[in-house]
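Look for chain A in each of the two complexes below; its partner is chain B in the first and chain C in the second.
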Partner chain A sequence: MSANQPIYIHLLLTAVIAAVLPIVLPSYVLATEILIFAMAAIGCNLLLGYTGLLSFGQALFFGAGAYAAGLLSIHYNLGLVPTILASILTGAVLAVIVGFFAIRRKGIYFVMLTLAFAQLGYYVAFLAEPITGGEDGLLDVVRPTFTIPFVTEFKFATDTSFYILTSIVFVLIFVAMQRLVDSPLGSVLKAIKQNEARAEAIGYQVKLYKIAVFAFSGAVTAVAGTFYATMLRFAPLSNIDIETSEVILFMCVLGGLGSLYGSVFGAIIFLVATDILADLWPRWMLLLGLLLIIVMLYLPGGLSEATQKAISKLRGSDIKKEGSHA
Partner chain B sequence: MIYFLMGVGLTIIFGMMNFVNFAHGVLYTLGAYFCFQFITMTDNFWVGLLVTPFAVGAFAYLLERVLIRRLYKLDHAVQILITIGVMLVIREAILIIWGTVPKPVSTPDLLKGVMVFGDFVYPQYRLFIVAATSLIAVALWYLLEKTKFGIQVRAGSENPKMVSLLGINTERLFAITFVLGVALAGIAGALLTPIRGADAFAGLEALGIAFVVVVIGGMGSFTGALIGGLIVGLVQSFTAIIWPEGANVMIYSVMAAIILLRPNGLFGRA
Partner chain C sequence: MHSPLLEIKNLTKRYGDFYANTDISFDVDAGTIHGVIGPNGAGKTTLFNCLAGTVPASSGNIIFDGKAIEGMGQYERPRLGIGRSFQVTSLFSDLSVEENLRLAGQALDTKKGFVFWHAVHNSPDETAQIDQVLERITLTAEKELLASALSHGQQRLLEVGMALMAKPKILLLDEPTSGMGIDDVPAMTNLLGALRKECTILLIEHNVGLVTKVCDTVTVMHGGKVLTSGTPAEISENEEVKTAYLGEEI
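Let's look at the complex of A and B:
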């Protein structure tokens, strides 16, 4: 998109998405899950789609957010806002640490470093059984409550109320991140993606920017993890495994790199397809693999860019091919 | 030593073709299943072990012709994502064909015993693996360093365009290299079946280890894969004695430390 849309448009659009999802989908739980993973995919898109950093360790932040929320709610029960803030902090700090080391290397070594950190996290969580529950996961996670003093207390015990909470947070995060990528900082990130050496030469501290985007990505992904754990009332160890990183990456790529709406659609399509196919055929992942190959080969910009291209073709305008190096 | 075998195929493919193959792990698994299949069909372990690399190689050839050759020019990130897709497809296909329960393979009678060196006891089959892998390593070394094919491959890894200009069919060379790399993964899978069985979900772990081996040694370096394999093996054995659960933590820590200290691995080129 050429010009940045004003914030209220994004606010409106995401609110509409959040409002429509439970109407068209069979259950609030599925809709909640979609918004949660949409947040995770957005976190991944910040890195891959905007800055060109392929992180294979997003599950680390996702899992960390889940454990942070789980542990806080079980041991301290601080309430909603402190819990979310704590998970944002956990995710951001972890991401800064991972980012600090990983960005020293490029290409495949970068990918391997993010993977190595995620695997480390996995085995540490696995070994720290007294704290994390090890292989069994963290059980009995409590949904934090939101209290307005002297007025009322929201418990979010039902699927519907929890969905409303999730969608509020989703809309806020989406708008904040859209604001981020539209900001001057976002432009620098895109510059880094297009030509890192040039961005450096112009005088931007590329490394600082990369660490910053890691922090945002980690924070957003951790919030997603927090909601996942509170939705399930359970924080499984599998939150940190390679497969979770893969799924997040997949949604992000499927929807389209460099578009936050793309990530949301990626999550919708992935989870709805999973929901339908998983019942029909246990080996549905095979189709998923094929889809990934096809999307990467023929639609490097993902579904959102494909739609955009189709629209602008109808309008008769020309868009330059840019997405071949996703 | 088996870690070397997992890593070396990956490193040859990367070094020569600059291609990142995330499907490497699942091709290793495919080797294990092929081996299981041939052994059940012929009731002979040795036939299974010998036929598997060729079967996996043939499969790799098809894969290269249909899909992989389109990917050489693409970005590493795209290669990674597409080969993840390949990985999913093959893994699910394995589950469809052979079912979700891992298939056991028994150790051949000839190698069932243990060897005793003083007070050190070692299963014969594991010794056989070490011997077989060493043999393959030597053969590979000879192939890559002493034959015309090896010279072409090494030249291709330096500068594929130049090699192509010199009149060598690089497309064919790439296909052969890919097949060779994958066949090596297949051999690794086949050799390990008596110890680990054929398990469709073991591919990810194998991929992780193969990458650790290769990254430690330096992507694209033959010696690196050898040393990397040894380091991973040693680190794993030693931690297994001191702190059994921590073996994986140690492997990944060692890899992270090495990448950070030596950007291109121990033997990697810039």
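Let's look at the complex of A and C:
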């Protein structure tokens, strides 16, 4: 699916996904949430799926995006584009800082460092109550507006209009990130994931590349956080806690590492399952845990790869049948 | 004829109290194949890693093409014209043969690897260079295969091919025939023979037959020091070398 398809294919596919979701799902809010977490899972996939860096601290960037957008909208109300740009910058800068230190260590120590930074962020947000609202979260977040001077102003006040906005940003981010993983930079990241020592030996300064991918991951994840806070009109403290990091990681692994469509798929499965199962059985998390175990043991490419294989198998048997008819 | 491309001067590498390399000095002349041999534990690979920049030297100088390089990082050295291969095959095993080579070529331009706004695209020159190297290492037919699907001998050739993509002035080869079957060795010997017209080669090798066949100069290491240097003929007559290889005589 991702083997360097032309850009319009991805544009088309993601636009179709964004168009179909609200039709098949019970609400625009659920569809919005899916696209938001799909973006966060994409950010995680850049690190884990493409570069082999397991970050347990994605909530830090997600939360930072939420607070950045929340605070800017409450105090300055700058409008949509400046708010998103500010969130991108916040996420990227934070990620560069975390990356700069964390990549000095490998394996489990790297993972622990990302976790430690995120926990640090959590307690800063918790303690900075006058600014962030502490445990109560940041209330009264305003949805930024998009003004075309002398013509009109979009307020995105309804669920539908906010969904349309989210899908536009989702499609743009997806296509940009798909372009990134197909680019020369993406090829270096894949090389680093496979054989870091060799990548360095042929002339790539691996540390710089890792910091660069952190910046992209942080930026994308922060945009997701921004949309989450503006969707809820509220930035809860839980945005920046370890559970959010886990959920993002869960979606990313469930959907399939090394495929951006997988990340979207992971977000859909996780949130739809949550939506349906939570009503049926209070211990629904158990089932998702079971699903993750199955995926990790038997479907290392995640659900997206499993589906792809199943489809190609079905097609293969179709072709065989047709062949035998002829 | 006597113009050193690489000068190693009093190079020492220490790990704690252990001296892996002590006061190594020798020159590698441009346009030659220079072999480094020695028994296990002689410090050959440590020397190699210092030259490639995998580990920093503790003291001494490495002068390459008139420039002191001992302080440079590993990733900077390919761009100066230093290519290397690994003793234990180290490829991007889940990428195609062609992609392995392309990545090695792309690395030479520091900025190119950071381009994220357009898809990977080879210029005609780049494609031509990849094809040329593929031909050299006799893997043209295998270019679409994953590196992991190659035979061991072919992987060893791809190792050298990746180093060649950097159009190196010097090629550092760490036991290029290690683990190769007898049948595969001639392919490597032929490749090295063909390469001598283009670049200088510093070869670390266990296979004494290969060394005497292709090398112009041989340096023998023993116990972290240089025992002697000379032509293959001189080396095979040297009593000290025989002792080093066969053990101390009592």
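The rule we apply is simple: the second predicted complex is superposed on the first by the 307 of 326 C-alpha atoms of A that agree within 3 Å, B and C clash if a C-alpha of one lies under 4 Å from a C-alpha of the other, contacts with A are read in each partner's own complex, and residues count from 1 in each chain.
We adopt the following convention: a residue touches a chain if its C-beta (ideal position, glycine included) is under 8 Å from a C-beta of that chain, and two chains touch if they have at least 3 such contacts.
All of these numbers come straight from a predicted model, not from anything done at the bench.
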item: Combined model on chain A where chain B meets chain C, clash or fit; value: fit
item: Per-residue contact with chain A, leading partner among chain C and chain B; value: B
item: Contacts of A:N4 with chain B and chain C, given as first, second, both or neither; value: second
item: Vertex chain A angle, Cα centres of chain C and chain B, expressed to the nearest 10 degrees; value: 80
item: Touching partner for A:L249 - first (chain B), second (chain C), both, neither; value: first
item: Partner chain(s) touched by A:L115 [first = chain B, second = chain C, both, neither]; value: first
item: Which of chain B and chain C A:A212 touches, first, second, both or neither; value: second
item: Which superposed partner A:A191 touches (first chain B, second chain C, both, neither); value: second
item: Which superposed partner A:L288 touches (first chain B, second chain C, both, neither); value: first
item: Minimum C-alpha spacing, chains overlaid - chain B and chain C, in Å; value: 14
item: Chain A to chain C touching residues, read off their complex; value: 4, 7, 179-180, 182-188, 190-191, 194-195, 197-206, 209, 212, 216
item: In the complex with chain A, residue positions of chain C that touch it; value: 52, 54, 73-79, 84, 86, 90-95, 99, 102-104, 106-108, 112-120, 162, 165-166
item: Sites on chain A touched by chain B in the complex; value: 48, 52, 54, 101, 104-105, 107-109, 111-113, 115-117, 119-120, 123-124, 126-127, 242-243, 246, 249-250, 253, 283, 285-286, 288-293, 296-297, 300, 325-326
item: Chain B residues touching chain A - in the complex, by the definition given at the top; value: 14, 20, 67, 70, 74-78, 80-82, 84-89, 91-93, 95-96, 204, 208, 211-212, 215, 219, 245-246, 248-249, 252-253, 255-256, 259-260, 263-264
